[in-house]
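What follows is a group of structures, each given as structure tokens.
Below are two complexes that have chain A in common, paired first with chain B and then with chain C.
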Partner chain A sequence: MGMDSSTQPETPHTTGSQADRMPLLQIQELHTQFETKQGTVRAVDGLSLDLYEGEVLGLVGESGCGKTMTALSIMGLLPGNGRAVAGAINFEGKNLLQCSGEEMKKIRGGKIAMVFQEPMTALTPTMTIGRQISEAMEIHLALSREEARERALELLEHVGIPSPRARFDNYIHQFSGGMRQRVMIAIAFSCEPRLLLADEPTTALDVTVQAQILDLIKQLAQEAGMTALFITHDMGIVAGSCDRVAVMYAGRMVEVGPVDDVLLNPRHPYTQGLLGSVPSLESKPGDRLYSISGLPPDLVSLPTGCKFWPRCPLADERCKEEEPLLEQYGNSRAACWKVMPLREVLGE
Partner chain B sequence: MLAPTVIIVMLITFTLGYYGPIDPVRAVLGEEWEDELRYAEVKKALGLDRPFVIQFLDYMGTMFGGNWGQSLSAFGGVASDRAVSEGRGAGFTGTSTSVREMVLGRLAISAQLSFWALVFLTVFAILLGVLAAVKQNTTIDYAIVTSSIIASSIPAYVIGPVLLIIFVLKIPVFKTVGGWDGMFSRQAILPAIVLATGPMLVIVRQTRAGIVEVLGKDFVRTARAKGLPERLVVARHMLRTAMIPVLTSLGLVTSGLLTGSLFVEQIFNIPGIGKLAIQTLMSGDHPVFMGVVLFQALIIVTVNLLTDLLYGGLDPRVTYD
Partner chain C sequence: MEEQPLLRVRDLVKHFRMPRRNLLRPPDVVRAVDGVSFDIWRGKTLGLVGESGCGKTTTGRTILQLMRATSGSVQFGGTDLCQLSDKELRRYRNGMQIIFQDPYASLDPRMTIGKAIAEPLMIHELSQTRQEARERVQELMERVGLNPYFNNRYPHEFSGGQRQRIGIARALAVDPDFVVLDEPVSSLDVSIQAQILNLLQDLQDEMELTYLFIAHDLRVVRHISDRIAVMYLGLIVELAPGLEIYDGPLHPYTQALLSAVPWTDPRLARKHQRIILEGEVSSAVNPPSGCRFHPRCPIAEEGCQVESPDLREVQPGHWVACHLA
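Showing the complex of A and B:
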């Protein structure tokens, strides 16, 4: 498993509009691991993913499947002893995994920005929100403190914070969750990055605020022609906001394709399970939602073969022994030996 | 908060003085104390023949009246005379026998000394603490923590003489051994360092713990995600939050420096409030000693109050109504 060997290009024969577009970000065989007393935790285990200029890609999966660790690997901000041990993350002709600390500081915030999940804890409590927005611009855009302040005021206005001048010198404890996330978004967009990583930006918010924040991110990203990676476990967000969707399970990708295709015609049993657990308009009161049996696998000792087989209703001997690779099915690709019309299995 | 604390401290020190083994009359009379007539005369003059309660109320009246009474040396005390002259010889210029002037004059010196110790602590101990936290679990971290343990576990009365031997006798950086010549004289450097070594460990550890706790916080990750240089991440996003527990310690340490510079002042022959406390305790000059104790209690209460006020400056979530 060398740094660049055995790469598995994600879209060798894509159909439609993506064929002529260059990927802005190219993740190749990314392995991100944590050393623990129990052993090596394989948080991301050979993930390959391309993000095309201007698209919004949804990255979905259960908690702990490696979505956030993928984003943090891109940012070079893995916590603890987490390390991207193999693979490559190509962005603007550079492999981010081999960039020096100084190079990464220019990219972070400047070229790639991230919106975090918890607006309650992700902003510094002892610094005014205005300064938190303007400080990055002083560095990446080489603005003076005054210029950065003016731009921060514009940004506050733009993300929908009323009376920005009065709010500039406030601290985050004076803001509600939704307002904090707006501040967070203002920070992320402040230096006009090319790529936005949004890690469950609405999960911690009230349902009513979720839609507003989502719309705001979409609108800003569209205005700036920004490429975005939306990490979520909410299929509703994927359906409403994304162009393509990638489904992750146990640190690897099990299905990827255009949103319409994946949502209407899921190939992988795991994707079907995820979709089956979302209530639909046709469900009647008293109907039981489908739930995937069992728990996600222990990332220290992954099962052999397909990582999903212990929980898969279709698994047979081959699934337990041989790992399926991504194969093209229609417009999307899935890694499963059992790809076929599977709707019957879920009892539909 | 302030008034009850002061009254309780007054009651305790007064009671201890009243029932304690040192007899102020003997202190005043010196050799003459065996003369019964003279003894009774002085006792009456000092008002010590009255009942405890009356004496205490009288004492409180004197204190709250702003005139803190007179040193026994005003009554021609032999022993206390010596105490005053000792102080004078070491740079204390006051010849007054007013307790108030004696205490305030000495306190000014102790405060200057404590100020330098505090500057030394806030600059070096906090810097070392931050460095240890940022270089967590490396040789640098271990070296910083171990050396502060060593510095803090050697008592002032050992470090003091050792430094004196090194910097006065072996490498004569400083000419005079002790005394006080104003806060900007070179003489102030050594005692201030010795005074600061005691609480050094507390501040280093507290700072380190504060920063380590903040290191893994989400908002620090956000700051890094902006691409800020590490120096700014620490200075802008971590330090203020991490300083809140350090401020608590610094408050306690400040009280300790102001009131507990006993050994350092003794070793370096600095006529501060600690030295005054020892002198008056030894000589039996009760009015002055009680004044010292009472004033130290006041210092502790005041510093506590100041610490509470400073929290507001550090943590915007703290408000006062």
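Showing the complex of A and C:
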């Protein structure tokens, strides 16, 4: 467990034979920033992350931790004056950050698709849903209008829209929340992307519908052997739907590893806090929940050293001055100076 | 459980008339709450869960008489609030408070938070002088974990969690007995959610508060409630002590809801067989005949389409409305 381990590529947990496989998507030292009157907002602050073929990776963290901005940087869809100022995002031999607008248009919706939290804002209200699905396929797959229509009907049926022929000419406002999300999933899967980015795809939905949608995405991704990045704030969704998980705090990754390792044996105090904050089946009603004190840092003026120290119960002088790097612990990696003492405390 | 409950709700009904679409036909009626009964004892928490549109929010507001019930009774400390005039109700208003999901929407953006917290004190004439009000505001802010130094700031200067603390301070200013909490933590990040849940629990212990906790997150509800009522399309389908409902849900809807809870333990997530319900919640304008859940129910029989099941006590304290339970 030396410093050198932090430079080793991370490996998916499934089998050792995949270890030497090239990642499908490789994010290296990504810095995404926004210029505001108050100063430079460091939304993503040196994130490195690999996604391997066929895996579902959960990207978790609280609002403002940079998880959505990471996805939008991949898609080249940063809002306003947001810019990926440094780093690289390698996908199929190309650095997406250096692709032209035209090149990105071909990749977006084609090789990389995204499902958003709120389908109402992501879909066009004035175009029938049938047209929205077939349009993408006419552009990316060069299908004729008729072929695209047939395929769109198949897709609608596949994602569980009842009587797709009748629904084909409906507009998005005529669908319920769950059905809207199914339409968006149909669009995302229509061009058989290699990579799916799902940004809080079920946050706006009721629990029973949420379960339907998660199962649908999982099933479709498995059928197509697709790689997926699941962005969520809910560790429960990670537990049920992901193979690996990366935890973000203040624009950086603080812990990453196989779901079982990170959720059952979290190393970073922030991950421990996140998990402790959610009531579990084992917790006794009425017990106090573990809560992380204070608030996330201001992204304009980040603290020195470890970005989590002002809220960390274990922080000492070193944490305030030196920034910890990701290091290997068992199957997972964490960026914390205190991991060793923590393990001693837990009596491992 | 022998003593009188603080709140006794009986056959509560709230229907909304929709705008008339066709002159020749009667207007549509949304049967938001369609005959709900339960008790809450002093110092206890009843969790009210269900999916959007099931009527849980309307139930909370109708109990507080923020909207008047179509029929039924709400006995609060022995008085039926539904029978009182608006003027008579004023005397009871400070005994009952509500905390909303989005405190930002319920705070005046141009009023400092010190004034916002003092406002209920002045309205209910609980503080005689400005000095007295100021001291009480300071005490309340400290109690909910806000720095009293910030009393001259405006709502937009606070984070979501802090705003929820302001909402709580405001509700507690009048020293209520009963508080309706309508999704109080659902718009907050998890770490902040835990802070607020802990605060609500501490306040309940200290002030012997009685809560009606409305939420859709079954993890949060399990944590905070003594008893839990599950609503579906305007009716309570199951009501039982908290842990009992999680250990042995009897209604097929409760079973499906619980099987969909995303627990954070990956071993549980794999072991759990999810019951995936077909379709979505039916319309509250034309609810299905018989048992309202029958179109989505995995075990429905023919009789379920005909006769509506009553809420009956199948084990001591465990009530369920299902022909087959």
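The working rule: the second predicted complex is superposed on the first by the 321 of 348 C-alpha atoms of A that agree within 3 Å, B and C clash if a C-alpha of one lies under 4 Å from a C-alpha of the other, contacts with A are read in each partner's own complex, and residues count from 1 in each chain.
Quick note on the criterion: a contact is a pair of C-beta atoms (placed from the backbone, for glycine too) under 8 Å apart; a residue touches a chain by one contact, two chains touch by 3 or more.
The structure presented is a predicted model; accordingly, all values stated were derived computationally and were not measured.
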Partner, of chain C and chain B, that touches more residues belonging to chain A: C
Which of chain B and chain C A:G87 touches, first, second, both or neither: neither
Partner chain in contact with A:Y290 - chain B first, chain C second, else both or neither: second
Contacts of A:G130 with chain B and chain C, given as first, second, both or neither: neither
Partner chain(s) touched by A:P324 [first = chain B, second = chain C, both, neither]: neither
Touched partner set for A:G66, first chain B, second chain C, both or neither: neither
Chain B versus chain C as contact partner of A:P23, first or second or both or neither: neither
In the complex, chain A residues that touch chain C: 62-63, 176, 178-179, 206-212, 215, 233-240, 259-260, 263-264, 273-283, 285-293, 295-296
Interfacial residue positions of chain A with respect to chain B in the complex: 75, 77, 79, 104-110, 113-114, 116, 118, 121-127, 131, 135-136, 139-140, 171, 173, 184, 187
Interfacial residue positions of chain C with respect to chain A in the complex: 51-52, 159, 161, 189-195, 197-198, 201, 216-220, 222-226, 242-243, 246, 256-257, 259-269, 274, 276-277, 280-281
For the chain B and chain A complex, residues of the former touching the latter: 216-229, 232, 236-237, 240-241, 314-317
